[in-house]
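Two complexes, one shared chain (subunit A), two partners (subunit B, subunit C).
Up next is the complex of A and B:
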């Protein structure tokens, strides 16, 4: 039995840069869902401590070294980038293959997302470290602000191509608008 | 004609365009209307009903007459207002609503039939005989309805929709809007300034004047420069705010690329949803026409529009202009024209006490009572006291005063207030939470009034935002607004109120006479205000005429309801990105490319794309491929991607208890390493879904749902958990996307599966085990949806494509191969397995013969509700199999042979059908009244749609291997 070849959701898709905004598939490493069971909060906190992380508050994420912890719902978070430690008090489920992660960066990144996401993306309302479950046009998505001009967008893996297409179309429209000013 | 030295157009940039097949020249900064007027084109359209010649009436989005079609390479856009459309190099436009040429419109015959076409004509004429409704009247009415025409093709243009957020939204950029935007902008608040036209300034660009000691144009330029430099201010030109909605949300339409020839990827329009903390409505006011006989000829325009064309576009719409106006302010139009060297042939002012200082004939206490000129105005008739006389003129500028643009304030059910002083409706304060109307939109008609109210409103908002700003109010004219209301001039002929829908004062009076006294009834009876301009030019005058005809005051008569959108919004903009594939996300399997490589046509299953069948050379129909694939699975081995089935990982001490609660049968007793089929009911007792759940560990289950109900079941589990057992030790999450899963079925399935495993396993039927494949941790289930010995292999999704390709390649060496949805469907029909074709939401466990799966030992969701009378027993339609020698169809209905075929004798219906190569017959699943007791009997299957009428045998739904020996082999 030969080894099985692993492919990412958008395998072979080169990054796209338009109007100073770049879209690329991001490799974020393992994704593990941690769902705290009733009475399990203390045990989970203890288990996460060695990573320097704690369960994040609603609509936020936190990072420590290569590890990121992302709020995804009530009593639920995704641990990203590192293998999950042994955890008592929580249901732990591998989600690494369930998501496609797209990185969108550049000065106009928020303008591009404003075509698809019904959220207030102004830095004052959506600062770095904010993460929400919202809609990306017709898709469910988790949207993270990783920098003043950088976002990561998580969608169901099977919808990666639609997400890419829709973000790329928004980038094209934004870039075409910019050309009007000249 | 163009006037040298006037206007804000760029005379260094000439632009060529085409209208009705003829080439013209204009300048950058022109609208189509101004460029046509500059070329002395006065006739631009035909009226809706009477096909009367019509010219440009206004200079804004309220235009009722100058509606044209713009022809692009990919689009044909009807009802474009020439007063809004900017000219660009290569613009092609044509007039609409005509038969023949614009000058000789054959339908102009309607004008001679006018006595028969008055209000209510359609209602009275097309009543009888009834037999004419569909055949004659409907085509006739449809032929006459509508203005512009469409290309009949898909609109391939690019459209956009987008969201924006701000602290202060300023709607309109006249003196009030600019002052408000500047005040809020300087405070540091996030400001969006939306302006409908292509440059900021509003009426200041047309009216001039002095602000803070500067000519108005210079003041505007200064303010605009400062706003542009403020990073917190976003200026949105060519953007019309179209509607006010809950929570400070506004709809807005931006004309992004309509002023340019089409460019790749450049949106034509963008539909914005703007969410604002505070909103300043500085939309100004709309000048209103006066109704007098034949007041609709090309060349008769609003006085403010004439001034706009002169001062903003450097165009005089006529060579000998006359003015008919009832305000002092409107005299400025005549003065500006004379200053520009245009002859003003007379000012007609109905106010007997009006002043007379202009250097031209001024007729006070006089009225225009008639006009001449077939395709364009040539003369007007004036009545002054007992005397009447004619004045030769090619352009009459008219003004009956101003109506504040209050529309947005009424979008959330607010009713406007009648102001006797202004003879106009003004906004009710607080009608839209967070919105403050200022300037002319709120009845402050002077420049000073506009600046002061815009300034004051913005200051209050800045304060509410906790910010500070210091800004002086510049000085400006503060002339009082004096008018004597004049709605209609007495006369015998037709005097137009609604130019767009051809509604005259006579129609309104007739409506009142015939009992349509309510303004809403009058509107619908006459169609006044129902054209693309939505009565912007005519509403107030029409209801004034109605008030007069019914002997009531205007305030008592009231006004019709203002509804969004303020201007027409193309559906393409609101639905941007939603056409064709954009309608819904596409979900692709890891095997997608491999299936397409094999020529498989893909069919949609929910949002997923699944292979329908895998054609082989020599096969000319899908049936040939399907039959081969079914036989392949029954005799060798087949591989199918079943990753689309919903997978839910359920963990916790109470996981088994939770499954016992949502499934009808028991899962807490399921041994680790085993799989059980489960049935799930809705709260009302109907079947919600079915599927298998595997016990992976002591407190760890994996639930499988159908593809169709994956989201539904997840939502159901969330609801049950949150509503009924939030404190249980259970957590669950979808892992549908985490695993690629492949069914391997057939007598050679075990051999194929084992050839992949690092360590072959001997798995019992309904068993599950962790396995390793090519160095990857995988899961192996022994379950079957085909009736053959079957396995499902799950690997992390990243390995899905590789495993599928390997499985298929190796299956082919064993006489097997891939099979698609068609074969999968036939296999499960042969085996009597149900899908959502059967559990369609109206069937119970009893109906599908699974009542024994509802455990008597425990409670579950839907159990009690399913015992209600009428949900079980012989009167129910029960799942049966059907067998026929001829082709039958899903959707057909069942009858007792020999009885009549009608609704009352209906005995049931067919849900799934397929040709079974295994049984050599057509097989079906369906629901038949008391069906289980009728096995062995004959039924008559009738499908009127497809012309099928076949006698079938009622069978046990499990045709293939009813004892299940193959499954357990």
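Up next is the complex of A and C:
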């Protein structure tokens, strides 16, 4: 068997900082989809217990040590950062290579995203620990607030460069506008 | 226009895809008379008032929704998940 080289979606892409906001690719480790089968909720809860995690409610994520669990739909979540435990009662699939994860941080991060995402991203309406499926312009995306001024954006791997480009363009626009004000 | 997805909350219309009347949920049983199939496939009411549509939360939770809305006032009076509706 030939040894294949595992590469992230934006391998070699240097972080970009503009107007105090930084865009970088995030290395999050393994991503596993857990889709609970009808009647499987109890077994899944039992299987996740050793990790100190439970299936998250809609629009949220939770973290415990290196593991993160992220709501991605009805009876569905992504387990991120750790290898999946043996789980009964769910369809478990490895999604690690299917996603690109971008980290956007800095004081104006919400202003940048607000140009692309049709949601109220102010901290009061979109607090830390919130995770939504929504649109990043025309792309499907999962958007997590990981800090007061920090977001992670997950897009399909095939959209990685488009997402980077769109966010970078929004960063330029926000930075240009800020430079006019001063 | 906004729809309040039962899972995701208030969302912009651009996240949704419109499919058509909720008649599509009431598929005739196998062997039903031809008239029922004709009705199911082709005949639609066009009410001035309350109507029910199917919408798909395409850029969100990927759930099918039944939306109850008023074509006169544009009021949206209900959004429920097709997957959890009471038949």
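Convention: the second predicted complex is superposed on the first by the 180 of 182 C-alpha atoms of A that agree within 3 Å, B and C clash if a C-alpha of one lies under 4 Å from a C-alpha of the other, contacts with A are read in each partner's own complex, and residues count from 1 in each chain.
We adopt the following convention: a residue touches a chain if its C-beta (ideal position, glycine included) is under 8 Å from a C-beta of that chain, and two chains touch if they have at least 3 such contacts.
Fair warning: this is a prediction, and the values are worked out from it, not measured in the lab.
Of the two partner chains placed by superposition, subunit B and subunit C are both touched by A:118. Measured by the number of subunit A residues touched, the leading partner among subunit B and subunit C is B.
In the overlay built on the shared chain, the residue A:13 is in contact with neither subunit B nor subunit C.
Look at A:157: by the touch rule set out above, it reaches subunit B but stays clear of subunit C. Of the two partner chains, neither subunit B nor subunit C is touched by A:22. Contacts of A:134 after superposition: subunit C is touched, whereas subunit B is not reached.
Looking at subunit A, you'll find residues 118-119 touch subunit B in one structure and subunit C in the other.
Taken together, the subunit A residues at the contact with subunit B in this complex read 1-8, 33, 35-38, 75-76, 90-99, 114-115, 117-122, 124-125, 137-139, 156-159, 161-163, 166, 169-170, 172-173, 175-177, 179-180. The touching residues of subunit A, when paired with subunit C in their complex, are 58-59, 73-74, 118-119, 132-135, 140. The residues of subunit B lying in touch with subunit A in their complex are 158, 160-165, 190, 256-257, 260, 263-267, 273, 275, 577, 582, 584-590, 607-608, 649, 651-653, 727-739, 755-758, 773-776, 795-799, 801-803, 806. Interface residues of subunit C, counted against subunit A in their complex, comprise 7-9, 11-12, 14-15, 58-63, 81, 83.
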